[in-house]
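Both complexes below contain subunit A, partnered by subunit B and then by subunit C.
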Partner chain A sequence: MKMDQQKKFTIDAEPQGKKLHHKELNEKIRKAIKDGHTWITLNNVSGQRFIGAGIKEKVTIEVYGDAGLDTGVFSEGPTIIVHGNSEYLLGNTLNGGELVVYGDSWDITGMGARSGKIFVMGEGGSRIGIHMKEFKDKRPVIVYGGRVKQYLGEYMAGGIIVVLGLDYSNAIIDPKKPISKDNIDPKKIKEHQGDIVQSYLGAGIHGGAIYVRGTVPDKYLGIYAVKEEFTESDKETLKPILERYSELFNTPEDLLWKNGYTKVRPISSRPFEKVYNSTPI
Partner chain B sequence: MKKSLTKSFTELPRERELSACGIAGLFNLDKKMVSGEPIAKMMATMEERENGLGAGYAAYGLFPKLKEYYCLQLIIDDEEAKRAVEEFLNSYTDIVKDEEVSVKKGVLKEYPIVWRFFVSPRDEKVSPDDTMKDIMMHINCSIKGAFCLSGGKDMAVFKGNGWATEIAEFYQIKDIKAFMWSAHSRFPTNTPGWWGGAHPFSLLGHAVVHNGEITSYGTNVNYLKEFGYECKLLTDTEVLAYIYDYIARKCNYPEKIASRIAMMALAPPYWKDIDLMTPEKKKWATNIRIAHRKAMANGPFSIIITTDMPKPTMIGHSDRKKLRPMIAALSEDGKTFYLASELNAIHTIDRNVKYWQPDPGKPVIASLGDPIITGTKDPLEGLELA
Partner chain C sequence: MQAQDKTIPRFKTSIDYDKCIKCGRCSVNCPFGVIEFDREQKKPVIVDTSKCVACQRCAVYCPGEAISIEEYPVAYAPHANWTPWHIRAISEQARTGGVLATGMGNDRSYPIVFDYLVWDACQVTNPSIDALREPVETRTFLGKKPKNLSIKEVNGKYVMDDIYPNVMLSTPLTVGHMSLGSISYNAYTSILRAVSEVGTLYGTGEGGLHPSHQAYKKNTISEVASGRFGVSPDYLYGAAIEIKIGQGAKPGHGGQLPGEKVTQLISDTRGIPLGTDALSPNPQHDIYSIEDLKTLIAALHEATEYSVPVGVKVAAVNNIAPIASGIVRADADFITIDGFRGSTGAAPRVIRDNAGIPIELAVASVDQHLRNEGIRHQITLIAGGSLRSSSDLVKIIALGADVGMISTAVLVAMGCKLCQQCPTGKCAWGIATGNPMLGKRIDIDWASKRAANLLRSWTADLDEVLGAMGIDAVDSLVGNRDRLRYIGPNPHEAKILGVQHAGSRVEIGGE
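Moving on to the complex of A and B:
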C-alpha cells in the first residue's frame, strides 16, 4: 500500500506525563486496527511490553522511544518499526511480518520464531534465535547489523541468522533525532574491529544456518556446530535478505558483501541422536 | 434457570499478570549525595515488572556524623518487641543513639514501627563485624516481633510490602540523600511476599537486590551453615548476601580481589572456558571453583550487590547463561554509574548515557576510585595476577 493511501493514527504512550500500562496501550492499538487504520504511530514509548502482540493484520506500527520486552510477540502480519531500542525477547514466537529496530535489542531475540523477519541495526545480547524453527516456506530470518553475544542460535532448529558486525555509532547524522533510514550517513558506517560473535555459537544447533560476516574463530563454536563452505546457493539465500537490510538501514550493499561470510551449520540433522536412549518404552 | 452469573466458573481466569522482579542501581562515583528521586523514578518506570508484593531501597552515605557506628534499622510489631531488642542490644553493645525512622502516614493501610539504633559492639575479642552479623541473625531468627532490615555503617535499607512507588512514598525516598542507591520491586515466585522478604536483602554493609531464583538454595544453605550463617528467612536471596559476606569479608582474601572471587564463586566459568584462560588465571579460576564449589548459585539470576567494604562498590552480576536481564550504563560525564533490568529505566532519568550489556556470568563492578570493570572481557578482567 502506498504511503498516501495509509489510514494513519497516532497514540501517545505517555499522555499528560503518565505512562500507559501495556494493557491500555495494546487495547488502543487493537482498537485503531479495528477502526481500519493501517499505519499506527506510538509516541513516547518507554518500555511498554507486548507491543503488537498477536496481531494478524498487515498494518504498520511505528514506535518512537524504547519498546519494551516481547515486542511483536506471536504476531503474524504487522510491520513493527522501532526508532529506539527494544528490550529483550523481541519477536518472541514470531509467526510472520517484519520487525525493524533502529537501535539495539538485547537477549533472546526471535525465541522460537516460526516465520517472519527481524532486522536490528545495533548490538545484540545472548541467546539470540534460540529454538528458532522452519517449515516448508516458513523460514524466519534474524539480521543483526552490529555484534552479538554468547549462545547465538542455541538449539536452533531452522531459519537464518545473519550477523554483520557494523558500527553505526558515528553514522547517525543528527543524534538528537530518532534514528531512521534518512538519518543514517552510509559513508560513515564503520566495521567493528575484533570478534563480532562470542562463544557457544550455535550450541546444540540441529537445523538452519548462521551466517557471520568475516571469520569465526573455532574456539567460539558450540557443541555440534560446524563451519561449512559458503557456496553460490548460500549467496542466493542471503541476497534478498541483504538487499532488504541495505534498503532499511541505508547501508551500501558492497559493504555488506565485503570480507565474505562464514557459514555455521549443525554437524548433522540429528546431532543428539546418540544421546537419547532409543529403547522403546 | 437461575439468574445469569457475573463471571465464568469454568474458564481459566485470564487476569493473572505474569511478570518478574525489577532491579536498579545508581552510584555517584564522585561520592556526591543525590536524592532518592531518580532511583524511585527508575523503579516507577519498570512498574510492569512487579505485582505490588514488596519493594525496597538501599542507601549509602546517610549518617556522616555517626559513620563509625553500626546502624541497625528494624521493623518492629509493638513496644514489647522493641523493649526486647533494646535489652538484647544493651547486653552486647553500647547504644549511642536511637530514633524513629520517619514514615509518611496514609500511604500504607497498616505498617510496623520503623526504628533505628546506632550501636558499637562491646566485645573486643571478636571482630565487631562478626558480632554485628550474629546480632542481626539473632534478632531475625529469635526475637519475636522484630526484623532487622539492615545493620551496616553509614547506610540503611528501606523496604516493605507494597508497590515500589508506595514504598518510596512511605519512606519519603525523594527526601533522602545518598551517594549510592540500589532498589528492587518484587514479583514473588517461590516465597511469600512479606516485609522481611522484600529486597534489598542486607547483612552488615552489603545489600543485595535480586531478580530470579536460586535453585541451589539447599546446597548453599548447607554450605553457609558450616560458617555460622543461619538461613531462616524464606527467601533465596539471603544466601547471596551471606555467600558474599563469607567470601568477600570473612575469607581474608586480599581486598583488591575479594569481591571478584565471590563473584566468580557465584557463577564460576565452565571448565571449557577455564581451559582457554592464561595459565595464571586458569590456576585462579580452578582454585576458586574447587574451594567454593558449594557457593555456586544455580538457576536464573541477575543481581546488584552494593557494599561499603572495603570501599563503596556496586556490582552487577548474572548467572552463566544470563537468564535474567541486566544493563549497565555510565552518564555522559562519567560520574554516575547505573545498573537496571531494563534500559528504559535508565533512559527515563538520563537519555545521554553510554550503556552496554554485560556478558553472561561476568560481573560489572564500579568501585570508588577504580576503573569500571565492564563485564565484557574475561571474568577476571583487569586483574594483574602473578
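Moving on to the complex of A and C:
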C-alpha cells in the first residue's frame, strides 16, 4: 500500500510539554490500530520504551525523535521507522516486520530474533544478532550501515547479519531536519577506515551467516566461527537485502558492493556435540 | 575400546528359565540394547548386562516375572573415601575427556530438611475441621496482590483500582516446566490434559507450544528463557509468563537440546531447523541486572497489554533472599524458586550434584526476608525441587510458599523409574524421549488420568491436613511456620527455617 492510500494518524508523545509514559503511548498506538489506522506517526518521542511491543498488525509506525529500549520487542508485523537513534535491544525477539533506524542503535539488536528485518544506518554496540534463529521461510536479517563492536552474531543459530562500514556523518543534507531517505546525500557517504567489526565475531555460532564488507582479520573470529569463500549464491542472498538497504538509505548500490564481502559461518550446526558424555556412572 | 576402558557393570540382569515363556517381549521393550532374543537358542534371551540401567521395563513387562535385576555382585575393596562412585566417574572421564551429563535430580546423599519437620494439629484448645464435610479452601490465586483495595464509582459502576491479572488455581500445586523435546509428545499432552482437568497449570518449558496444544493454552505458563525458542506474540497469551533465569538442577547453566533430539516435531515447535543443536545460553543476554530484568518484565507486560501475570524462575542459591527481593522490586507478579534437588532432562553432573541450596531453607529465608521488607504480599511464591510427597507440599507451604511445583512426581505417576537416562533420549517408558516409537509407549488416556489422580490425591491430603490443623483455607497456612516443629540434629538449621524445636511451646510476649 502506498503512503497516500494509508489511513494516517498522528500521536504527540509529549503533549503540552508532558512526556507520555510508554504505557500511555502504546495504549494510544493500539487504539489507533484498532480504529483501522495503518500509518501511525509519533512526534516528539524522547526515549519511550517498548514502542510497538507485541503488535501483530501490518501497520507502519513512524517515530520522530529517539526511540527507547526494546523498540519492536516481541512484535510480528509492523514496520517501525525511527528518524533518530534507538536505544539497546532494538527488535528483541522479533517475529516479523521491518525495523528501520536512521541513526545508531547500540547493544543486543535483534536478540533471539525469529524473523523480520532490521536496518540500521549508523553504528552498533556489542552482541548484535545474538542467538538469532531461522526456520523454513522465516529468516531474520540485520543490516548495519556503520560499524559494530564485539560478539557480533554470538550463539547465532540462523539468519543473516550484514555489516557495511559506511560513514554517513557528512552525508546529512540538513542536520536540523530529521534524518530520512531524502535528507541523505549519496555522494557524501564515506567508508570507515580500519576494522568495522571487532573480536569474538560469531562466537558459538551454529547457524546462519555473517557478511562483512571488506576483509576481517582472523584474530577477530570467535570460537566455532570460520571464514568461507563468498560465492555466487551468497551474492544472490545479499542482492535483495542490499537493494532494500540502498532504497531505504539513498545509498548507491555500487558503493555497497565495493571491496567485496567476507563471509563468516559456523564450523558445524552442532558445535558442542562432543562436550557431553551421558554414560551412566 | 580396550579392556581397561571397561568398568564393572552397574546391574546384573538375570533370566529365570524355569519361569521364562520365551515370548521375547523383554527384548522388544529394552531400548538400551541389553536384551536380544534368538528363538533358535536353547536359552533364547541373550543379555549384555553392562548396558542395563535398571529402568525395570523388561521386568515389569515380563509375563512370567522371570527377570530379576540386582546390583552387580562384585565387591570393590572397601574404602570410605574412594567410593565406587568416584572410581567409575574417573574411569568415564578418562575415557572421553568430556563433561559427565546426567538427568533427573541430584542423587547424592545430602541431608533432607523436609524429613526433619513435623506439623501441628488441633487438640482441645482449638477445634479441628472435618474436611470431608466442612468446607476447606484449597483454591489459590497466582499473581500480584494490591496492598489494599480502593473502590471507586465510575459511570455508576463500582470498580476496584490497582487490580493486577490473577489466575485461579484449583489447588496450590502446579506442574513444573518440562519442554516438548525434553519429554515426548504423548507425555507432554498427558500432562496438559491432566492440569486442564484438575484446574491448574503446567509450564511449557523452553521451546514454545506445539500448534496442536493451543486448546490447553490457558492451562500453561509460557516460558521465556535465554534461547527464546518458540516465543511469538500469541505464545505470550498463556495463563501466565515465566522468565526463566535458572533451574534448580543447574543454577547458572543454560541448556542444550542435542541435534539428534531436534526431530520434525521439535523443529516445528521451536522454530529451528531439523537436527541442529538447540542451545540456550547460560545468561539471558538482555538481563545483566535487576534493572534489566525489570525492563524485560515491563516489555512482557506491555506486549500482553497488562493482562497476563509475569513471573521469574530462579534456582535456589546462596543469596536467594535479596535476589527475590530484587525480583519483587522489578515488578514481577510471581517468583518460582527451584531447589537444588530439582530435576532436569540434561545437566552436567558436577553442577547438578553440587550447586544450589535446599528449597526448604530457600523458601523460609525468602519468605522471612520479603516479610521483613513489607513486600511479601506483592508476589505469589511458587516452590519446587523437589517435592516428593503431599507432606513435602504441606511443609513447603507452611515454610512460606504459596504454591508447590512438581515435575518428577508427575513423571513417576506416568511410569518413570528414576533411572536418570533422560539425556540419552532412550527412555524405555516413553517419557524422556524424542523417538516417536518410544513416545507411543505412553497412552495419553491412561497417563493423563494417572497424573490428574496424583494432583487430586495430594490436594485431598492437603485438605485432610488443613482440617486437622483447624485451618479452613490454604492461604492461612502460607508461611505459618509456628505450626511446624523441627526434629533434626541442627539447631542452627531450625533457626534459619524459623521453626522451633519439637517440644518448644509458643512463647507469648517472647522475642
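Just so it is clear, the second predicted complex is superposed on the first by the 277 of 281 C-alpha atoms of A that agree within 3 Å, B and C clash if a C-alpha of one lies under 4 Å from a C-alpha of the other, contacts with A are read in each partner's own complex, and residues count from 1 in each chain.
The definition used in the following text is that contacts are C-beta pairs under 8 Å (C-beta built on N, C-alpha and C of every residue); 3 or more make two chains touch, one makes a residue touch a chain.
Quantities reported herein were computed from a predicted structural model and do not represent experimental measurements.
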Quick one: subunit B and subunit C on subunit A, clash or fit? clash
Please indicate which partner A:49 is in contact with in the superposed arrangement: first for subunit B, second for subunit C, both, or neither. both
Between subunit B (first) and subunit C (second), which, if any, makes contact with A:127: first, second, both or neither? both
Given the touch rule stated above, what does A:280 touch, subunit B (first), subunit C (second), both, or neither? second
State whether A:198 touches subunit B only (first), subunit C only (second), both chains, or neither. first
Check whether subunit B or subunit C contacts more residues of subunit A in the superposed model. C
Identify the partner contact of A:69: answer first if only subunit B is touched, second if only subunit C is, both if each is, neither if none is. both
Applying the document's definition of touch, where does A:22 land relative to subunit B and subunit C: first, second, both, or neither? both
Given the superposition on chain A, at which of 74-82, 164-172 or 182-190 does subunit C overlap subunit B? 164-172
Subunit B and subunit C footprints on subunit A, overlapping residues: 22, 49, 69, 88, 127
Per the touch rule, the subunit B residues reaching subunit A in their complex are 45-48, 273, 276, 321-322, 325, 327, 342-345, 347-348, 357, 359-360
Report the residues of subunit A in contact with subunit C in the complex, numbered from low to high. 22-23, 26, 30, 49-50, 53-56, 69-70, 73-76, 88-89, 92-93, 95, 108, 111-112, 114, 127, 130-131, 133-135, 138, 154-155, 157-158, 204, 206-207, 269-281
Touching residues of subunit C toward subunit A in the complex: what are they? 10, 53, 85, 88-89, 92-93, 96, 98-103, 224, 226-229, 231-234, 236, 256, 258-259, 267, 270-273, 275-279, 281, 285-286, 295, 298-300, 302-306, 346, 348-349, 420-421, 423-424
Within the complex, subunit B is touched by subunit A residues 19, 21-22, 46-49, 65-66, 68-69, 85, 87-88, 104, 106-107, 123, 125-127, 149-151, 198-199, 219
